[in-house]
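Chain IDs A, B and C follow the sequence of writing; residue 1 opens each chain.
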Amino acid sequence: MGYVAVRGGSKAVENAEKLVEYFRIKGESSLLDIEAVKDQFRLGIDKIMSEGSLYDRDLAAAALKQSEGDKIEASFLLRAFRATKPRAYYSTIEKTNEMRILRRISAAFKDVPGGQILGPTRDYTTRLIDYKLFNEDREAVNKFKEEFLEEINNKSEDELESRPEFPKVIDLLKEEGLLIHNDEKKKQIKPDTDITRDGLDFPASRSAALQVMARGETGGMITLAYSTMRGYGNIHPVLGELRVGYLPLKINHPEKDEEVVLGEVLVTEAEVISQEFSDNEDQDMPVFTVGYGICFGHNEEKAIAMAVLDRSMAADSSDAPAEDQEFVLSHIDGIEAAGFTAHWKLPHYVTFQSVLDRIRKSQAEGRVKDE
Amino acid sequence: MMRNYKNKILTVKGLSKFFGERCPECIDKTGPEYNTNQCPVCSTIVACADISFDVYEGEILGIVGESGSGKTTISRSLYFEEEASSGEMYLNNYDPALNIFELSLQKKRTLRNKMLGMVYQNPHQGLRLNFTAGGNIAEKILSGGHYHVGKIREKASYLLDRSEISVKRMDDFPKNFSGGMQQRVQIAKAIANDPEIVFMDEVSSGLDVSVQARVLDLIKQLQRDLNMTMLVVSHDLGVIRLLTDRTIVVKNGRIVEKGLTDQILEDPQHEYTQLLVNSLL
Amino acid sequence: MNKNFGEEKKFNFGFLDENSKREIRRKLLKAAALPGYQVPFASRELPIARGWGTGGLQITMSIIGEDDIIKVIDQGSDDVVNAVNLRNLIARTTGVETTLKTEEATIIQTRHRIPEKNMTSDQILVLQVPYPEPLRRVEPSEEISRQMHAEKDYSLAWLDLYERVVKWGEITIGSQYPVMVNGRYIMSPSPIPRWDIPKLNNADTLYLFGAGREKRIYAVPPYTDVKPLEFEDYHFRVENFDGKRCLFCGSTDSYLDEVYDSESGEKYYVCSDSAYCRERIKNDEEL
């Protein structure tokens, strides 16, 4: 009988979980080593840490393995774990000039002090599938590694020791007076709230907006940023600077009057210069405005999207969706968006029954009128 | 119809509105003598300062001035679209001793819904274009706390008819109406709750001249038949001449002249008023 | 690597850390002091997805104590998959007793239904809410809807109802019917059917509402006025089950689910509240 079958709730759930586990390991392949996931899915791990809002490579690797490669599911695992942790400290404000640079480019100038450092990037590769990966040879890999390291070590001591200075491109523009000064004062990123403790109110402060975006889902943010570039909005961005590197994580010592360095975090930072003229009355001349983006790990598209959205949300108009701060910030959290999209799979028959009742009544009355 | 000048409906005292940081020089260094609204010392805009007047039952009071004169700021402050920086507002039939500007947001909203009406220059501001014409009028009546569908519909019908709109269009959407018709729906909506006073802010300015005349005629007619009290804001002396009994002339946020409309048009005293009158075709 | 992934991590009582629970309890107190007012809170993530009851769960986890007895229902039933899942999670992270009997529970967490049996002043009902904002249907912006609540300016909400009556001859809202609480705030009662709305008015029990994804908490304390919005000439009406009865217990005065038999394809009706139905059957058998 139908009614009896519905009672099998717990058993059904148990079986579903067994099925999922079976699907994960039913192949004949060797079980993934967490270290392998960590090393060879570097960028996936970075995305998960960023969207899970928790900087822990090991946990991110475990989450990626557990979710069978589902990035949002993995970020969800990290977020849930994060929710069990108390807030112990807040880091001191970082000057990103202190970043230990891996990659640093600027599209605004042909060359900049410190130089254009490409670093590890696929940007210039031709997108052809590498069939060697089907049969990767351990020996060949080792040989490549050896030769590459030898190449580096053959550089002179001086070459190795000399690390150039990397002043911020934005600072160069500021010195020339090309950026809005008031913009700095009014929209200085003061950490005035913690969205994980204080909740989010609209209109949101810039600090709150950046926090939401820092943990936002890459795809959703790219979509919205893309819309402004294509004309649903007014941002014509130029990438002032993109940096990927290690930032020292510092806190104030809880008892002594000194800073303590806890370690390093890998971040991607983007500063986008927008070619809109500020309509600030205090400025006699047109200047540039800056959008800022930063996230955990190596995730360039997200940082750039974040910077573009930072700018578009600050626009005076809000006709385009990406200019509407409430619209952007309410919809870019991957865990929320995916969770709610998925929730439609839950039974809704009680509410459906209620709607059926309404429609049936209206129809019945309609028929009566016709008769 | 006898106008009872003894019954004050609205009293405004010292209404001022500033945009900016303000400094002690703001008031002294702005106004018609200086030909500016902006304080030379701190750049604060003095949208209006020290505005005082009364409106009597059954009269139409006009406020005339050019853009930037402060006339729209005045009506917006009295309708709580803007918060006055200082001043007092009294509605005699609500409480002659209570300064309404000091009421809570909630009380102001209730008061506005029940006792005030506003017709905007742009129908998009006063109407919800995604709701029917009847619905728009219903909204005003609902906001006053009346919840009987049949009676609301009846009244909406009646008001549409009075505003020369076919009752058949009651369930149509104003976004498909002509500009003049949209204004007439706005007017019907504004008077739906039998308000103490109706504010009209450049109601005919966006319309063709021929359409303007029809709207203005309607206003005059309604006012006569229903003995309505109105505050009409306009830059157009022609509109002022047609509609109003008394007029206030504003320039750079200050009142420069007030009096009976006929007298002001016949014998303007202030040089600015003279300028306005002389340019009247 | 110092991490020992072999061991099951030990949870804090109620999964959330104590500070989180404290914030939620404070917000609950504020909510109870302002019946129907949506209190914002910094909603935490939980091991179940957003949209699947994290708001209700956060409330339950914050108020539950060792001596509490918990029941969880979804669409009125305690043996459907989602209810079972949540019940297990609560039990696993608190160790409290669980029950399927309405009258035995001290806390009932529910999705989309209020139990048929009258709840007492010793019980608390925690409701899961997907859309806390009753004005969202007519006003998409949070900033504007908050202003409307602050100014008690509900003309747009009434206008929506009015237009439905004009168009369809009745207030065509199925579930999530808007109610006026304590004469001050319009509130969404969560997607419970109209059938359950009268239970909110002047009740013995405390009702707590949690929207995790939208980050809002609200409450209806006992003996509060809760009135569905209606017109003088078009009244609020519950669902009509005339001529229908529960196939198992014969009830004609409970909310019924319409079911298509998985084998025969025939349509029949069954009590939505599974505990209520079971008890009726049991009483019948005893007679």
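Just a few scattered comments:
Here, a residue touches a chain if its C-beta (ideal position, glycine included) is under 8 Å from a C-beta of that chain, and two chains touch if they have at least 3 such contacts.
All of these numbers come straight from a predicted model, not from anything done at the bench.
The chain with its Cα centre farthest from the Cα centre of chain C is B. Ranked by C-beta contact pairs, the top interface belongs to chains A-C. Measuring from the averaged C-alpha position of chain A to that of chain C gives a distance of 34 Å.
With each centre defined as the average position of its C-alpha atoms, the distance from chain B to chain C rounds to 47 Å.
Annotation: 51 Å between the Cα-based centres of chain A and chain B. With touch defined as above, chain A holds no residue shared between interfaces to two or more other chains.
Chain C meets chain B in the complex at residues 150-153, 155-156, 158-159, 162-163, 165-166, 230-234.
Per the touch definition, chain C reaches chain A in the complex via residues 1, 3, 5, 11-12, 15-20, 23, 40-47, 49-52, 54, 74-77, 79-85, 88, 111-113, 130, 141-143, 146, 168-170, 172-176, 191-195, 213, 215, 239-240, 247-248, 255-263, 270, 272. Of all residues in chain B, those touching chain C in their complex are 105-106, 108-110, 113, 128, 131-132, 134-135, 138-140, 142-143, 147-153, 171. On the side of chain A, the complex with chain C involves touching residues 1-3, 5-7, 9-10, 12-13, 34, 58, 62, 76, 79-80, 82-87, 195-203, 326, 330, 335-336, 338-343, 346-351, 353-358, 361-362, 365.
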